[in-house]
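You will see chain A twice below: alongside chain B first, and alongside chain C after that.
This part shows the complex of A and B:
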């Protein structure tokens, strides 16, 4: 297991460097003149030259990349000229709220989707199953911001249960003190995830229910309740582990849309603003963060799978 | 005294979305204390569903019809509330299923799984139940049971898993054990071990057993009485010896006659029962076997016969009962294929296919840098040769390398070393276009007729594809060729437009054979061509293979675990064990004068559909399990399971020695005396290239 982890971490580093390189090059092509963005369209050629020289933009791209990697090793993701802050401090400020949103909605999704999927498989083709399937497909086929807009329309504007305007004190602590405002974003984010997960859980459970060891459990005289708790849930949840691990970055992407829809000042909103502003270093840092999360998600899933499935040994 | 288990008018119906299937219809029988009752029949005859119905374990949509009655020691089980039934399941009636690979929960330890029914039915504590589990596991012959309680199923071999499965069933000392094809998924040597174990435990624990199987050989040796089932009904029931010696139902007669026997002359056609079993969602009126029965009259097609008989001990449902087994010799048509050598066991004159010293190892990845240090030794230096129009049969248990060898012969796997030569051309060295052209001469027929045909292609397209790939003929010619092929394998022309799922297993295997024939190959490698088929269908396909061989001058390499099938098809047989050829010879040599103890053990382990032969067996057979091919034993690979093994066997690998014309074996302590040979160049001795592979 230790050997496996070392190998996986080594590949992870290579993957992350590769992603950094690709993103770096792409941004280089898309936004070749950061000076124009920062100094404005009326900047004189001399000012641009001076700016480029000061930030090293006049050097060849590979030198710039090496410099970037070198900074990265020292925990420096560069500066955001627009916000006059380092990228790291920007992330530190915005990340907790985004992580909270994603984390809670993931938790809600798991807690709802796994029992729901198992229920649907056990009561296959019942009214409950068909209803859940229909609802799941509606949400599955809907983009997350659409769900958000519908939720806002119903619960904030029509029913008036929550204030449609999220308060502007948007550190995590501030947001938590007015937590009802977070319910809608979390529900919106969780709904689409539940839709997807419950489908997977249902089909995984159906596979397990068709296995001979379920028949054996019946033949032992076990009541249904014990068959499900002892022999169904664990086996049917194994495929979910990989799925959840893989969907960590998707949640971050979901944040982009949700934070936009609810005007929550987290990483997602920061990403959108940086796109509009051509904020080179923030975009690069954000992509890098997603890449790292993907790798970590995978690694966690592998380790969790090893711990829960005796057939798998990491070597 | 009343019988332990009385079943009366048991009918099971399964409601599907569009139709109602009646897999079991009006089945009545009884089971005495201490008795083993065999329930035999082909797939779909309702034997498994009968077992599940007794347990009250019906599939979704299934229900027992009202008049059904199942009484266990006088107590009616039909209609009991589920909570009461659950107290009986696993406690008073227990069941063992077919596939040990999927019958155990992969995420629970075997100790937990064996202890589970004990905790449930006896209210034992965890520790007590585990103690009981260890006790039962010892009873079923699991070595060192206490240490293995915490093992997971994947750590055990198939044979050991089936022992664990039996332990689960026996944990609460049931009165009745229902064993549903308990050995079908196992190798023949392991099958013999498990069947002996079941019989032994049944006596020791004073249980009764219902043995459900498709294998007449298994019931011949292990059942006291037999119910023969056909299309959801009991066709005939009597005491085992009486059934084999004096059956009255034509179906029983046909079933037994169509099994290929080891002792049989393989130049004769196998008896076949024509046609297919009826559709049970719409069963025919009258006798359900009438459509396939040679004795059927109009009465059979309108009136359903009752299960009656001269005495209580022998009952049968037939209007025109037969009397005893078919006299095989008189009913068979002798067929002499043209160009067959006078003595089939004689080595080929000029070999068509020569395989020399083939080796294949599959690396197993592992270690810090994923460099593979270990490998599965699938095939370790095997040679054989095959003449035109001849058949070479490869037998051995799973994991002996026979399939890998077959794949290397047709060029699906590349050998690590050694050569495959067809008509003087070395095939394994070819690449690209040349290889593709040579593939025409070497085709393969696969085991599973369900997964070897693309479900989304019409049969016409499946058969045409090889011609298109090879660029042979215009579309019109291709279509003509394809419809000719269908005629040859006995399928109607309209099959071209249909999809594989519209055909039965036997018909699909015909399609598979037609596909292999499309390019007019010289050699067809048939990997377990009939093991997925029912006995009556199996005989049809075997006859077809023989007929096509004669008319096309085909050569076959037939791979099978079933020695009787191989002996029926093959002129020469090779017995493989753990990647090595241990014995080769003609069919008679192998069967009548086995030299290698492994060959002899295999022959001993095969269940013979004849109670008298089975009764003479002393339960010897081959002990233990197949060693790991990662690390095969030194010297003779069979020595770990060989009753005759000595120190030499571990130190020195035995060389192939000659025991007769074309009969070779590699053993230090052979069961026959070798023929002393003057020193001759290897392979020249008999001109077959088969001779002593110096190893």
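This part shows the complex of A and C:
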């Protein structure tokens, strides 16, 4: 186990270094003159040269990369000239709200999807199963912002239950004080996630139901309720661990889209604004942050799976 | 059953000749069996129907239903359906919504197809080479895939599209170049099981070069997986394009795509101009659903184990 952990960790570190290099190079190629974004389009060549020299942009890319890595190791992601703040402080300001949105919607999705998928498998081909499968299939094919617009139309405009405008308070506490406005974004995010998860949960449960140990449990006269709670849920939920680990990029993408659809002042909105402002340090920082989170998510999922499934004992 | 009765006409797609030999049944080739199996799946056939409808709608529709999608008509903005506007009304620039749906649909379908084909070609080659060579090269090639897969797709595509994407070709290339990773993994897995099979060993012993092994033996036999993957890839590319468009990084004027249309009309919703948002949304969802249905159907049809004998 320890050996497996160490090897898994070593691969993760290599992947993280690779991610940093790829992201840095990509932005290096894509970024136009950083001086032009900061000094404005009318900057004189001399001013641009002075700026490039001062910030080290005139050095070869690998030297810039090593400087960036060095700063990174000291927890410095550079500055955001547009917001006149360091990227780290910007992230600290906006992250709680985004994390709250993603976390709660993921939790809601898991709590809904696992029982739903199991119900569908147990009542296979019943009216409930067919309905759930159809609805899940439609939402699976629907972009998250479309779900958001439908929810806005129904619950905010037609029924008038909630205000379509989300509170512009940047802090998590401020946003929570008017929590009804966060319900629609969370429901929108959770819906698309449930659509994806319940499909997997259903097929995983079907696989488990066909196993011999379920037949044994039935044969020895265990009531259905105990078969489902003792044998089915635990075995059928194992693939979900991997799936949740793998779905981090999708969650992040959903976050970017939902924050833009509802105008929520989180990291996703910051990313799109920085894109429009050519604020490359923020773009680089956010891409790196999310990529590293993805690696960590996969790592945790792998370890959690080996811990919870005794059949997977990798040497 | 009708498909089984008219054997001589259609040449089976791909190159099933001598290589697909094992898959040949008594009378039917592997591909024809797949088609027969696919046609039995009513949902998948419905998917093909929806898709054909939208292809006709987007590519032939403008020839029948003429609208001006280049000059704005500011005297007739936000007109309700049938009320001065066309059958689906007009949008905030006075463009006819039905005509705009056709224009946006064309872009979305074109980009979806092009991006998926590009991604599949790169992914198939990458996966086949890695799987065949094995060892250190395989490990390095797959770590590259791991690294790229860890970077959230939407962010990368947004960053690159912001700078280089503005028309169909550029966006297709950008979406294609960043979405070959999943096909690469799939094909590598397929090749790993294929390369130890007897017919590949036979080809190797007969002195077949590596490229011959890849192009004549491995890829044709992994074709089922490749084709199934293409359909899902198209659905994903159309969704990704819609996301780009929604965030205002889609194709630029005078062209449009479905995501950009939704984005343009977002504010119209609170004014009650539902026709600017929901028809586009329905088209988008139907097309993506059609590809997912076709993909599911193809996957079941290609997988011999699921076939009823």
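Everything below uses one rule, namely that the second predicted complex is superposed on the first by the 312 of 315 C-alpha atoms of A that agree within 3 Å, B and C clash if a C-alpha of one lies under 4 Å from a C-alpha of the other, contacts with A are read in each partner's own complex, and residues count from 1 in each chain.
Here is the rule we go by: a contact is a pair of C-beta atoms (placed from the backbone, for glycine too) under 8 Å apart; a residue touches a chain by one contact, two chains touch by 3 or more.
A quick note: this is a predicted structure, and the numbers were derived from the prediction, not measured.
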item	value
Which superposed partner A:311 touches (first chain B, second chain C, both, neither)	first
Which superposed partner A:3 touches (first chain B, second chain C, both, neither)	first
In the superposition, chain B vs chain C on chain A residues touched	C
First, second, both or neither for A:215, with chain B first and chain C second	first
Which superposed partner A:230 touches (first chain B, second chain C, both, neither)	first
First, second, both or neither for A:130, with chain B first and chain C second	neither
Shared chain A surface residues [contacts with chain B and with chain C]	none
Touching residues (chain side chain A, partner chain B) in the complex	3, 6-7, 124, 211-213, 215-223, 226, 230-231, 234-235, 238, 308-311, 315
Complex interface listing, chain B residues touching chain A	55, 57, 60, 83, 86-91, 94-95, 97-99, 102-108, 116-117, 120-121, 152, 154, 165, 168-169, 366-370
Residues on chain A engaged by chain C in the complex (per definition of touch)	11, 14-15, 18-19, 22-23, 26-27, 30, 32, 137-138, 140-143, 145-146, 149-150, 152-153, 157, 164, 248-249, 252-253, 256-257, 260-261, 271-272, 275-276, 283, 286-287, 290-291, 294-295, 298
Partner chain A, residues of chain C touching it in the complex	143-144, 146-148, 150-156, 158-160, 162-164, 235, 239, 242-243, 246-247, 249, 259, 262, 266, 269-270, 272, 274, 277-278, 281, 284-285, 288-289, 292
